[in-house]
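Next come the structures, one after another.
Both of the next two complexes hold subunit A, though its partner changes from subunit B to subunit C.
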Partner chain A sequence: MSTTFLPCGDYHQTYAEDHAWFQTKFIKGKMIALFLVLFVFIPMFAGDYWISVFNMVGYTILGALGVQLLIGYCGQLTLGHGAFIAVGAYTSTLLILEFPWPEFMINLGLAYPVSIFIAGIMAGLFSVLFGLPSARVKGFYLILTTMAAQFILVDFVITQYVSQIGGRGQAFSLPPGTMKIGPWVIDNNYKVYFFMLILVILSCIIIANLVRTRVGRAWVAIRDNDISAEVMGINVIKYKLLAFFVAGFIGGITGSFWISNLAAISPEHFPWFLSLWLVGVILIGGVGSIHGAIFGSLFMVVIMEVLQLAIIPMADTYPKLLMDFLFIKEATFGLAICGFIIFEPNGMAYRWWQIKNYFNLWPFSY
Partner chain B sequence: MELFAMTLVTGIMVGGIYALVALGWVLIYKCSGVLNLAMGEMTLIGAYVSLTFYSMGVPFLLALLFSLIIGFILGILTERIFLDKLIGEPVLSVIMVTVGLSFFFKGCVELIWSTDTKVFNPPVFSIEPIKFGSIIIGEVYLWSFVAAIVLLVIFVCFFKYTRWGLAMQACADDEMAALSIGVSARFVYAAAWAIAFMAAGVGGTLLGNINGLNISVGYLGLLVLPAVVLGGLNSVPGAIVGGIAIGVLQNLSGVYLDRYFPGAVKDIAPFVFMAIFLLFKPYGLWGWERIERV
Partner chain C sequence: MVSDTNKLKEQTEEEILLELRDVEMYFGKVCALTGVNLKIRKGEIHSVIGPNGAGKTVMMNIINGLYRPQKGDIFFKGKRINRIRPYQRAKMGMARTFQKVEVFGGMTVLDNIRLGRHTHYTSGIFSGSVYAGKTRREEIKHRTFIEEEIIDLLEIESIRDHPVGMLPYGLQKRVELGRALALEPDLLILDEPLAGLNLEEVEDMARFILDVNEEKRWKVTCLLVEHDMGVVMDLSDHVFVLNFGNTIIDGTPKEVQDNPEVIKAYLGEEDLYATRR
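This part shows the complex of A and B:
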C-alpha cells in the first residue's frame, strides 16, 4: 500500500511538494472540513452520550497507534499492549495522588502534564523490558512473551502490589479538580473530548513523520525481512527496542489520558481483552497504516454501540438479552475479526485507498 | 519433605490434564501450522457438553462419548469454515483468527450455559482419597493422569503405525511434497482439528470434575502455552513432559513462593517461567530448530 495516485494533470515540481502532507487543494479543503467537523460540529451537535462514544474511539485510536507501530511498521507481534497502557495509567495516578508536588506546581496545574510525560517514559521502559526477548525470538514466541507481560504486570504486580499503595483498596479514585492542565480543569466529557482530539492529532503527526524518517525506514525493513535488514547494516536489536519504547510511550500516554475520563481506575480496566481488542482493531482497520488504526477504532466502537442500541429496544420482549449483552458483544467481536481476516485481509484502509484512487483517476483509471 | 512429595505428586497429576490439552494443541500445530489460542474455549465446550448429557441422566462414559462425537463434528466444522481459507497466511492472521474464535466460542458458551459454576451431580469420582503410604491423592487426579498416559500411547502409535498418522506427519514435514504423493492436506487438517477438539473435551471433562465447571476453566487454554513452549511446539512427548512440568512448577511455586510473594503466584509462575525459558531455549526441549535464510 503506497501513496495514492495523483489526479490527472497534477505534477510535482519540487521535492517539497513531493513530501507535502496535503498535496492538492482538494485535500487541503477536505482536511479543513474534517477539522471543522471534529472541533466545531461534533461538540456542537453531538449529545453527551455520543461525545463519550467518541472519547472511547479516541482512546482506542491512541492505543491502536502503539500497536500499529509495533505490528504494522516494525513487525513485532504483541498481545500485551494493554499492560503498558495500565502502567501509564497507574504511574500517572500514583504521581498525582502520592507524589509531594511543590505548591506552585499544583497551583499552575503542572502536576498532570508532567505525570503524563513520566507515565509515557515509564511505560516505554517496561515495554523495552518485555521487548528484550525480541532480540532472540520472533513471531509466535514474541506473542508469548508480550502475553506474559500482560499477566505479570496487570494480573500480578498491579493487582497485588501497586493497588496496595496508600491503602485505598482495589480502586484508586481521583478527586475532582486534580485533572488539570494549566488553568484548564478537565471535568466533563466535552473537555475530555478536546484533550483526546489534541492527543490523537499530535500522535498521528508524530508517528506519520517518524515512519518516513531513517528510523521508520529501518523499522519497515525489519518488518519485511529482518535478516536482510541486518545484512544492510541496520542495528536490528536497537531499532526493535526503539520500536518497543515508542509504542510503550504512546501506550503510557494513552493510559495517562484515559484516567481523565475514568473517575476511578482499577486493574479491571486493563484486562487481556484490551490487548486483544487493540490488535483486532488494527487487523480490521488495516495493518501498516495510520488510517487503519483510525478506521478500525471507529468501526469497532461504533459497531458495538449500534449493537447496544439495537438490543435495548428488544429488551422489553426479551429481558435476558440485556443481561447477555456482554456475551453477545464478545461473540460479535470474535466473528468480526475472523470475518475481516478471511474476507478482507488488507483491512478497511485498503478499501479506502482504492476508493480514493478510483476518484482521483476517474474517468481514466489506467 | 512430606509436603514436598505431596505437592510433587499433585503437580504431576494436574499436569496430566494440562498434558492432555497440550497434546491437542501440538497436534494442530504439527499438522497444519496453526498456533491455536482457542484451546481453552474448546476445552470448555467439550466439558459443558458432557456435563449437560451427564445431568440428563446419561452414564458418565456415554456422556463423554457424546461429547467426543460433538467435539469431532465441531472440530471439522471449525476447520472447514474458518481455518481452511487461511493456509499460507502470515502467522499473525492465523493467530488472530483463533483469538477471534476463542471470543466467539466463549460468547456462545456464556450465552448457552451462563456463567454460574456447575458441578457434575452426582459426583463421578468418589471424594474418598486414595492413599499411597503417606501420600494422598484424589481419585479424579489419578484418573486424569491415567487418561493422559493412555492417550499419549494412543497418539504415538497413531502417528507411527497408521496410515492417517503417517499422512499427518508427511503433511507437517512438507505440505507440498505430501500433496504430490497423494496425501489430502484438507483431510489431514480436518482430522487434526477433530482430534484436538476431542482431546480438549476429555481434558475439560476431567477438570470439570475437580472443582466444578465455569468459564474460568478456559484459563487452562493459556496454561497450555507454557507447556508446549517448554516441550517444543511440534513434539508430542514434549507436550506431555511440558504439561507435567508446568503442573509441578505451578504447585511447587504455590506452596513455596507464596510466602515471599503473597498473592496469585500460582497463576503467574508458568508465564514467568515461560518468558525466561524463551530467552534461553526458544525452540523448547524437543522442538524443531528452524534455520532461517533470506
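This part shows the complex of A and C:
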C-alpha cells in the first residue's frame, strides 16, 4: 500500500513536512474529533455493557498488533502469540500476588506498573526463545515451531506447574485493590477502558514509528525479500529475533493489561484458539497495516456481539441456537475469514485506503 | 591533460580493490568454478562475460558472500573476506543488483532506497519508536541525500511514492540500481543490469553506469556481468571471459575481441559487435 495521496493543491515544501504525522489541517481536525469520541463521547454515552465490549476490542487490538508486527511487517508466520500473552498475564499476576514488594511500593501503587514492564520483558524473552527456529525455517515450518510455544508454555508449563504456585488450585484470583497504578485503582469497566485506550494508543504510535524508521524498514525488507535484505547490509537473524522480542513484549503487556479486567485468571483464558483468532483478525483487517489490526478487531468483536444480540430473541423458539452458541461463533469466524480471502484479500484497511483516496482525489481520480 | 590522466591511471592500477585467488566452487560433483583468478582495480569497470551456465552468477555470489567457495581466497580492500557474512560485506562497501530484480515489492521507491542506506543510519529501536531528536534529524539528513543524489540522478522523481511491485520492469531495475547506490559502495556488482530492457532503457542504464563510474561524486568501481557485447566492449576497462568454470582470458576489450578461443567458445562465427542495434 502506498502512501495516501494528498488532495490537489496540498503540497510540502520541506522534508520535515513530508515526514510529519498529521500532514494537513483536515487530518489534524479529524484526529482531534477521533480523540474526543474515544475519550469523551464513548465513556459518556455507552453503557457498561458496551464499554466491556470496547475493552474486548482493545484487548484484541493489542494482541493483534503483536501478530501484525510479526506476520504483517516481518513476514514471520506465527500461531503461538496467545502463549506470550499468557506468559505476560501470569508473570504480572505472580509478581503481584507472590513477590515480597516493599510496603512503600504497594502504597504508592507501583507494584502493578512495574509488573507490567517485567511481564513485557519476560514474554519478549520467551518469544525470542521460540523465535530462534526462524533463523533456519520459514513459512509453514515456522508456524509449527511457534505452535509449539502454545502447547509447551500454556498447556504444559503454566497448567501443570505455574498454576500450582501458592497452592491455589487452577485459578489465580486477584483481590480488589491490587490493580493499582499510582493512586488510580482500576476497579470498574470504565477505568479499564481508559487504561486500554492509553495502552492501545501508545502501542500504535510505537509500532507506526518503528515501521517508518531504520528497524521497521529492515523488518519489511526481510518480509519482502530476505536474500536481498541481507545483501543490503541487514543482519537478518538479529532483526528477526528483534521482531520476535518486540511482538512478545507487546503480547506480554497485553496479557498484563487483561488481568485488570479479569477477576481470576486461569490457563483456559489463553487457549490455542486465541492465537488463531488473532491471526484471523489481521487477515480480515488487512495484513501489513496498523489500521488492519484495529479494523479487524472492531469487526470481529462487534460482529460476535451483534450475533449474540440477534440470537437471544430467537432463543425462545430455537433454544438450540443459544446452547450451541460457541459453535455458531466459531463457524462465523471461519465464514468471515473465507469471505474476506475470497472477496477482499487485502482486508478492510485496503478498502479504507481506497475510500480515503477517492475523496482526496475527487473529481480527478486518475 | 593527457599526462594527467595517464598519471591517474598509473596510480589507480596499483590499487587493487578486489582479488579472487584460485577460487574453486563445487555443487556436489558439479564444478562451477575452477581456479579463478580476478583482480579488480579501483575506479575501473570490469566486465565478466561467458555463455549461459558459465558460472558468472556463482562468481558474483561468491564475491558477495551468498556462497562460500571450497577453495581459494577472496580479498576486499586488502582484507581476506572468505568467512565474512554478506551483511558485513555490505558494511565494508560492497553493493549489488540482481539478475532477476530482487526489490522489496511492498515498499515504496523511497523506502527501497532508504533501505539501501541502512548501514548509514544509526538510530536504534528506542529512538526509532519515539521518532524524536536523533531519528528525526537523521531521517531528514538521509532524505536530502536520497533526493538530491540518487532520485535526481536516476530521474525517478515522479514514482518516488509508488510501491515498487507495481512498477514496470525497467523502472524496477532502475530502483534496484538506486538502492545499491544508496549504500555509497566502493564496489558495485551489477548482475545483468540490461537484461530484459528495451533499447532506450539500455541506453539510459549504460549512461547511469558510466555516470556513477566517472563522476567525481561517485567514482564507484563496477563489476559488470552482461550479455550485450556492444555495451560490454564500449563500457569496460577490462573484460573477463569465463567458460564452464574456466577462465579463458582477462584483458582489455581489444585483446578479448582478438582472442580466437573467446570467439570459438562464446561469440561464435558471428560478428563481435552483433548486438541489438
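Details
The rule is simple: the second predicted complex is superposed on the first by the 366 of 366 C-alpha atoms of A that agree within 3 Å, B and C clash if a C-alpha of one lies under 4 Å from a C-alpha of the other, contacts with A are read in each partner's own complex, and residues count from 1 in each chain.
Rule of thumb we're sticking to: a contact is a pair of C-beta atoms (placed from the backbone, for glycine too) under 8 Å apart; a residue touches a chain by one contact, two chains touch by 3 or more.
All figures in this text were calculated on a predicted structure; none of them were measured in a lab.
After superposition onto subunit A, the partners subunit B and subunit C occupy separate space and fit alongside each other. Of the two partner chains placed around the shared chain by superposition, neither subunit B nor subunit C is touched by A:Thr24.
The superposition places the C-alpha centres of subunit B and subunit C at an angle of 80 degrees about the C-alpha centre of subunit A, rounded in steps of 10. By the touch criterion defined above, A:Gln354 reaches neither subunit B nor subunit C.
By the touch criterion defined above, A:Val236 reaches subunit C but does not reach subunit B. When the shared chain is aligned, subunit C comes close enough to touch A:Tyr15, but subunit B does not. Within the superposed three-chain model, A:Ser228 lies in touch with subunit B and with subunit C [touch as defined at top]. Counting the residues of subunit A that each partner touches, subunit B and subunit C differ, and the larger count belongs to B. Applying the stated contact rule after C-alpha superposition, one finds that A:Phe327 touches subunit B and leaves subunit C untouched. In the superposition on chain A, contact is made by A:Arg136 with subunit B only, not with subunit C. The gap separating subunit B from subunit C in the superposed three-chain model is 6 Å, by closest C-alpha atoms.
Under the contact criterion defined above, the residues of subunit A that touch both subunit B in one complex and subunit C in the other are 225, 227-228, 231.
If you check the complex, the residues on subunit C that touch subunit A are 64, 66, 85-87, 90-91, 95-96, 98, 102-108, 111, 114-116, 118-119, 121-125, 128-131, 135-136, 139-140, 143-144, 147, 161-163, 179-180, 183.
Every residue of subunit A that touches subunit C in the complex is listed here, in rising order: 1-3, 15-16, 18-19, 206, 209-210, 212-218, 220-221, 223-225, 227-236, 242, 246, 288. By the touch criterion stated above, subunit B contacts subunit A in their complex at residues 35, 82, 85-86, 89, 91-93, 95-97, 99-108, 110-111, 222, 225, 229, 233, 261-265, 267-268, 271-272, 274-275, 278-279, 282, 292-294. Those residues of subunit A whose C-beta lies close enough to touch subunit B in the complex are 71, 77, 79, 130, 132-133, 136-137, 139-141, 143-145, 147-149, 151-152, 155-156, 159-161, 225, 227-228, 231, 276, 279-280, 283, 287, 324, 326-338, 341-342, 345.
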